[in-house]
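The same subunit A turns up in both complexes below, where it pairs with subunit B and then with subunit C.
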Partner chain A sequence: MSFTSRCSRVGRSLLGAVNTSTFGILRASHDAVAGSNFSNVLFQQQRTFIQMRTNLKVADNSGAKKVMCIQVLKGRKKGAVLGDMIVASVKEAFPRGKVKKGEVVYGIVVRAAMKHGRCDGSEIMFDENAVVLVNKQGEPIGTRISGPVPYELRRKHVKILSLADSIV
Partner chain B sequence: MGSKLLATHSIFWITSTLQAPHNQNLSVSIPTHSRCVRRNMPSIRTGNRVALRAVDGAEGSSVEIEDEKVEDTVEEVKPLRKPIIKLGDVMGILNKRAVDAAESERPVPDIRTGDIVEIKLEVPENRRRASIYKGIVMSRQNAGIHTTIRIRRIIAGIGVEIVFPLYSPNIKELKVVKHRKVRRARLYYLRDKLPRLSTFK
Partner chain C sequence: MRLEKCWFCSSTIYPGHGIQFVRNDSKIFRFCRSKCHKNYKMKRNPRKVKWTKAYRRLHGKDMTQDATFEFERKRNRPERYDRNVTENTLKAIKTITKVRADRSDAHHKKRMSGKKSIALKESLKELDQSIHLIRAPGAVELDPSKIAPKKIKVTIQQTQETAPMEE
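Up next is the complex of A and B:
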């Protein structure tokens, strides 16, 4: 979770919380809450692109639990969105899996917290960022996928769609 | 015998004779442009009550006018001046037209924050059976034709929020299943709450 989203959760218990230096800034702005815009920005969630250093959850049974994005392959300057391929480094893994901790893998973003617009004017956003590990060609390493998957993947990643249990 | 009176603009006839007995009502039709009436008024016995009826030949509407006080002023009603459409009204008018066109094809029920709705969506690129989305309405943003509602639901353990435009032609069915009492217009607090609160069977 990013710093800003963590702050929004803790914000309510600020006054009674144990003080640490990191939350000092927030406390000062919380006092001036009435007219100040600055405090609102910190309390709201900032949902943006998936970029370098973004931690993502792994949605399949390939053995990894958490990965961190190293590179966005789409060519988009700002970052990856739903359906893009990224290069990631495995940060946390199950003991006996197909991938080990520290490996560099490719992944397809299947759930993004940032809203993704569709052609009919609707938008979709998830509560978390998740990725499915694939090989260079785009075929998934794992055999099962957990959680919902958007139908934006229908274009290029049909295999992932067929493994998913619910398509949103 | 009735006496026929000439009238330039409309039909004129006396429905019962002038020599009627005392108590009977006489109905006389006189033209709406009644400038000629006073001159051509038949001599009516004062004892009889006369009900004059003016029949406009073209429209067939009838106006009852009292005997002596035949007003001269029943002129044609001027059509109301159309209000000038200002530049600032244009978007509002266009939006209203678009909304009316969408409503005539598929009437949209009144949806408010806190309703638990079920939406049947048919997207051409999905190509399969219409997908069903169920969830609680977190917010409603009014913007003319792009009025949207945001639906939240926990699907397979992960919270999903989808924004639907209400007047989209892709929405085949939209119905309110239940209602939950909420004291907010936007339920963004549901994101921080337990998943149990956003789960709908």
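Up next is the complex of A and C:
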């Protein structure tokens, strides 16, 4: 652009040769600190299908707080995606709920952090992995569902869709 | 079918393109391409990133207020199909886009109107202030051959010759 910047660039490269040897190590460590924003790293971790030992939140008022997937019933080879049914064990539960800690329950995946391809070619992803507890026939145990729910459930789980407050 | 706008760069997202991220409070963030999604993940503010529409609007680079933008608005009431209306709409789209392009061109022209003189002034100033970077201050005085010879104005006196006219 301007010749001042051109001249300064030459100066910088000359200085850079001196600098790299002395301050190179220092600068590298500084960059590492700046890059490892904790929340950022969490957000960008490798996402996978819902598979055995995946911990999921429970998005209804059945009484369970957290469950762990122990089996994928209807899903792909690698694991469950949005709308698939899993078997889970209750890891945390509210007292006096319908479901108790340690029970084996069925659930429908309603939110998944891994991106899921839609029929039109676009993709959707959520904040967290969440499940709605159902009985063997696929009817929800709870009476309320919190958070957004994808329209992928519309074929088999219309009941869940009708309970949800927002469909995306 | 709805054409959405990208959350980051405000470009149009055609069906089957991009990715949407749904936050737990059901707010949907739509991104037209992975570039925008990555920038969002890096927690960048679209108002501070220069290539986005938000930045350009904020800094007066683009035309913001115009009647032609009213046509491209999100409407939640579905229109009943009417053949004549549709035909007229399709005709109108062409003229509207042309009008908008003309107006934005005029806006750009207006914005750039004083640019040439400013740039000239700045470069002259730079030349004046930092000539020493390319030529050492004493160099010109030492070597007289480097100095361009001064132009000497030569005045030519026109002598009017009074030649006798031929007959």
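Heads up, the rule we're going with is that the second predicted complex is superposed on the first by the 123 of 168 C-alpha atoms of A that agree within 3 Å, B and C clash if a C-alpha of one lies under 4 Å from a C-alpha of the other, contacts with A are read in each partner's own complex, and residues count from 1 in each chain.
Here is the rule we go by: contacts are C-beta pairs under 8 Å (C-beta built on N, C-alpha and C of every residue); 3 or more make two chains touch, one makes a residue touch a chain.
This one's a predicted model, so the numbers in the text were calculated from it and none came from an experiment.
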(request) Considering only touches as defined above, state whether A:125 meets subunit B (first), subunit C (second), both or neither. (result) both
(request) With the two complexes superposed on chain A, say which partner A:100 touches: subunit B (first), subunit C (second), both, or neither. (result) neither
(message) Just checking: does A:78 make contact with subunit B only, subunit C only, both, or neither of them? Give me first, second, both or neither.
(response) neither
(message) So in the superposed three-chain picture, is A:151 touching just subunit B, just subunit C, both, or none of them (first/second/both/neither)?
(response) first
(request) Once the two structures are superposed, pull the subunit A residues common to the subunit B and subunit C interfaces. (result) 111, 115, 120-128, 147-148, 165-166, 168
(message) Show me the residue ranges of subunit C that touch subunit A in the complex, using the header's touch definition.
(response) 13, 15-24, 26, 28, 41-43, 123, 126, 130, 133-134
(message) For a test of understanding, state which residues of subunit A touch subunit B in their complex under the given definition.
(response) 8-9, 45, 111, 115, 118-128, 130, 146-148, 151, 154, 165-168
(message) Which residues of subunit B touch subunit A once you look at their complex with the stated criterion?
(response) 123, 125-126, 131, 146, 148, 155-165, 168, 170, 191-192
(request) Name, in rising order, each residue of subunit A that touches subunit C in their complex. (result) 2-4, 7, 40, 43-44, 111, 115, 120-128, 147-148, 150, 165-166, 168
